[in-house]
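Next come two complexes built around subunit A: one with subunit B, the other with subunit C.
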Partner chain A sequence: MRWLGLALVVVAAATLMLGVADLPPHGAPDAPVHTHVGARYLERGVAETGMRNLVTAVLLVYRGFDTFLEVVVIFSALVAVVALPRGRAARPDDGDDRPPAASLTAEGPAQQLVSVSPVVAFVVQLLGPFIAVFALASLYRGHVSPGGGFQSAAIFGALFIAIALVQGRERAALLVPRGARVWLQALGPLSFALIGTVGWILTGAFLGYPADAAAYALREAMVVAVEVGIAVGGAVILAQLFMAMEG
Partner chain B sequence: MSVVIVLQQGLSVLLVLAGVVFLAGGTLGLVRLPDLYTRAHAASKCDSVGAGSILLGLLFYGGVAFEDLRLVLLVFLVLVSGPTTAHALARAGFRTGLPVGRARERDDR
Partner chain C sequence: MTFSWSQAVAWLPVLPLAAAALVPIVAQRNARAAGGFTFVVTLLTAALAVALTIRLVAEGPLTVHLGGWVAPYGIELRFDRLGAWSAPLATFFALVVPFAWRYLEGSVPRERWAAFYALMLLNLGGLIGFSLTVDLFNLFLAMEVVSISSYALVAVAGRGTAAWAALKYLLLGSVSSLLVLFAVALLFALTGSLNLFDVAARLAASEPSPAATLALASLAVAFVVKAALFPLHVWLPDAHAIAPSPVSAVLSGLVVKIGIVGLVRVMQLAGESGIALDVFSELLMLLGAVAIVMGAFLAIFQDDIKLMLAYSTISNIGYIVLGLGLAVPFAVSGALVHVFNHALIKVTLFLAAGSIIHQTGLRTLTDLRGVGRTLPQTCAAMTLGAMAIVGLPPTAGFISKWYIGLGAFSAGRVAYGFALVFGALFVFIYYVRMLNTFYFQRATREEVVAAVEPPWSMRGPVIALAAACLIVGLFGGILLAFITPAVGELLAAMGS
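== the complex of A and B ==
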């Protein structure tokens, strides 16, 4: 069994190295990846879309439908998790290799396994505001610099989970108002569809953005609205996924 | 090339190399050590010393500028979050009664 594993690793590594050796030199202008649509994006992206950042131009304009459906996929993941029937929480005596001390937690799934470490609580309190500011900056500057709605959602979601681990789920849940939760978790697809429709009215194409220089402020506002929808919707979805997990 | 630049870049290269050594050692420890506690110990070396000294090395490479304040912030973040993570892992393992030194047998099943 050991030797079979080793042989598999060697064969896989050799195949990968052969493939890497066959790649065109790094940055070669005639590499296949640069001769397709990439060249057109670089040449005419700014003029065609009016975006200040080519990544944003590709993400929201050239591949707008792809990004739209990506947001829908994330939302669908939450729907799938919520639709799952809630199983009985795993009890410690079900597993055979658990140490006996774990049976202390047999009272119920809501019981916390281990009391919160004061060190972890302090560090989350210390770094929390910085993480929140970073998520906001990544969201606000995302369409002109690295970052953006998806990244911001991941940072906000991670911050929520950190807070939930330290302060408890009940207090963390207050961050997402109960009444607005239904709408917030669908905010990504909703804002995308709304802005896409606005673009339809303005330019005649669903998910279109006005590209002329005069519409600068309008275009920026549309892009930021989409990014905010992705960020807030994604963060709430991550929080809901965490809350849906028992124990 | 002036002496200052040679010293600066030499220091930078030394720090990055030290970081690489710690990263390699930490990774090896993560794979080879027997249980959660020793593995968390090894892995936290990657974060704090490994990534930390690589970041410090990058700080010195081009001469220190105001923009490099971001690297200092990153070093701070890494120094705070890495050990906290290791602490939380080891503490959770201990409080739930995870035995010391038995993980390897289970891995080989």
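== the complex of A and C ==
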């Protein structure tokens, strides 16, 4: 049986590699990826979307619906984790309807899972505000320069985890107020639905953005609103996924 | 803002997906309210889908270019005769959700209700997106939304081996997802495009490439796993039997069909790009025929009624795949109509079985002897569903199986025609066995004797669905007439 499995893996891998070998050489200027849709994005992207950054143009404007579904996938991951049976014995029901996994206020001893050296704790405390500012900058300038909502979410989420490890979960949980949690985690999909509708009203196409120069401020505001939804929603989801790990 | 129906197509997947994000907010005040909210959303989605179907019949396919970017530069959703599958999808959810209201009380801890309802809406939105999009990367994302929500729904009751069944489902499902992503990457590298029809046109214009064939083969294997075609069905029985019954209905009736919709997309891609699919079609037919017989055969030995229904899904997927593989008009029409009919019948059967399990707490045929006398309405619905799945006229299952059979004989594939007949015979045996247990054996369990009919929120959907099994059977010609133009298009592309 083991040999059969191994043989299967080898055959499958060889087939896949043969297929890949047939592709145009990596980076070849005349490869279809550079001459068809991509070429048009490069040629006209700035003019027809009004975006100053082509990555943002593709991510939010040309293929905004993909990004919407990506945000939905991230939200699904959180709901899926919340829906799963807890690894350990469930805590006694505290009387409200909130799923325990979504609850950040885990009580009881042994919250400090790892004993952290004072040096690490101090460095996290010292750098925390700077990391937060970096995440904010990445969010606010992300649609123009490298960065963006997803990156910002990852940085905020990592900061949350660092604080939770050093200061304990209860202290970290204070960063995301309990009542606001269900709203914040929904921000990704909701911001897309909302801005998509605004775009529909303005341009006649769902997820459209007004492209003319006169609408600069409006367009900018719409893009930042979506990026904030991605960043805040993503960060809160990352924080809750971490808190759901009780182990 | 000018309202146009084609823009409304965009709302069809967005409405349930955005609403899913709101479910935990609603549930924070009252977990029960989340069920009501979810029901309203499924109802609105169904109404929109039905309205779009009416426009489709009157005016032809509706296309939306999201953000206003025409394909291949933007993402395109098409509400055509295949995409109209979203209408029954949303309608079935609107029947399953009220059934779940009371069902959850006994089977899913209250603090997980919000997650359950959110997952149901995510699942619906993903399924709709999957059947509408003609963009390959978008197809992958919609599939991931469906897959992730399905894995979690299997485990949501959190009892016994649910987590293991969900894990098995997740591992096989992930292989399938990776294959799709790999294929999309290959096709993008070859053509520089993601729109299915643009990719096909560019493949047709370029020299034949082994990478393109590999991409189509990867897609086909991936969708065959999602459809649980024999012998890649191993994840299905446990996952479908262990999940709470409303989830089983959705998974077994609707979610496996993304494999079928995916296979139709592969056929479109292959047809339009001129890549020969002969070997692939032969394989589909062979595996389909084996699945018909094996699924039905294995179902005979199940004592657990939900496991029996799960094996019957494997058999019915065999019918659909055999029909697609035959690639003649009768068979393909029959197969596509059977996608709908099997969904209707399997949702009926799983909800009826769920009612019986909910009211008696028992789930094996041995324990459920004589239940037909204490739950007459539910068991009558189950009987009607059973007749439909056997394919007895005039119920819903008849016309689609008949057409697949006609297709097999008209294509000169007599052996496959006989496989179909044998499959029907086995199916007949196990449902006769079920009916015999329900009606003609003496009850041996106290719970069966004491059982009463379920509350109306559960009984209503079951009775409505059972009635639909009969009505759809009487008017099956309408479905065939509806799908025939799409079949013509598909086969014309493949023949060229």
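Heads up, the rule we're going with is that the second predicted complex is superposed on the first by the 192 of 247 C-alpha atoms of A that agree within 3 Å, B and C clash if a C-alpha of one lies under 4 Å from a C-alpha of the other, contacts with A are read in each partner's own complex, and residues count from 1 in each chain.
Here is the rule we go by: a contact is a pair of C-beta atoms (placed from the backbone, for glycine too) under 8 Å apart; a residue touches a chain by one contact, two chains touch by 3 or more.
Only a predicted model underlies this, so the values are computations on that prediction, with no experimental measurement involved.
In the superposition on chain A, A:L127 makes contact with subunit B only, not with subunit C. When subunit A is checked against subunit B and against subunit C, the one touching more of its residues turns out to be C. Judged by the touch definition given at the top, the superposed model places A:R171 against neither subunit B nor subunit C.
By the document's definition of touching, of the two partners only subunit B reaches A:S117; subunit C does not. By the touch criterion defined above, A:V33 lies against subunit C but remains apart from subunit B after alignment on the C-alpha atoms of chain A. Touched by subunit B in one complex and by subunit C in the other are residues 97, 99-100, 102 of subunit A.
The touching residues of subunit B, counted against subunit A in their complex, run 77, 80-81, 84, 87-88, 91-92, 95-99, 106. Residues 15-16, 18-20, 22-24, 31-38, 40-41, 61-66, 68-70, 72-73, 75-77, 79-85, 90, 93, 97-100, 102, 182-183, 185-186, 188-190, 192-193, 196, 199-201, 203-209 of subunit A are the ones touching subunit C in the complex. Subunit C contributes residues 1-2, 4, 7, 10-11, 14, 17-18, 20-22, 24-25, 27-28, 30-31, 64-69, 72-75, 109-116, 118-119, 122, 125-126, 129, 135, 137-138, 141-142, 144-145, 148-149, 151-153, 155-156, 158-159, 162-163, 182, 186, 188-194, 202, 209-211, 214-215 to its touches with subunit A in the complex. Subunit A contributes residues 97, 99-102, 105, 113-115, 117, 119-120, 123, 126-127, 130 to its touches with subunit B in the complex.
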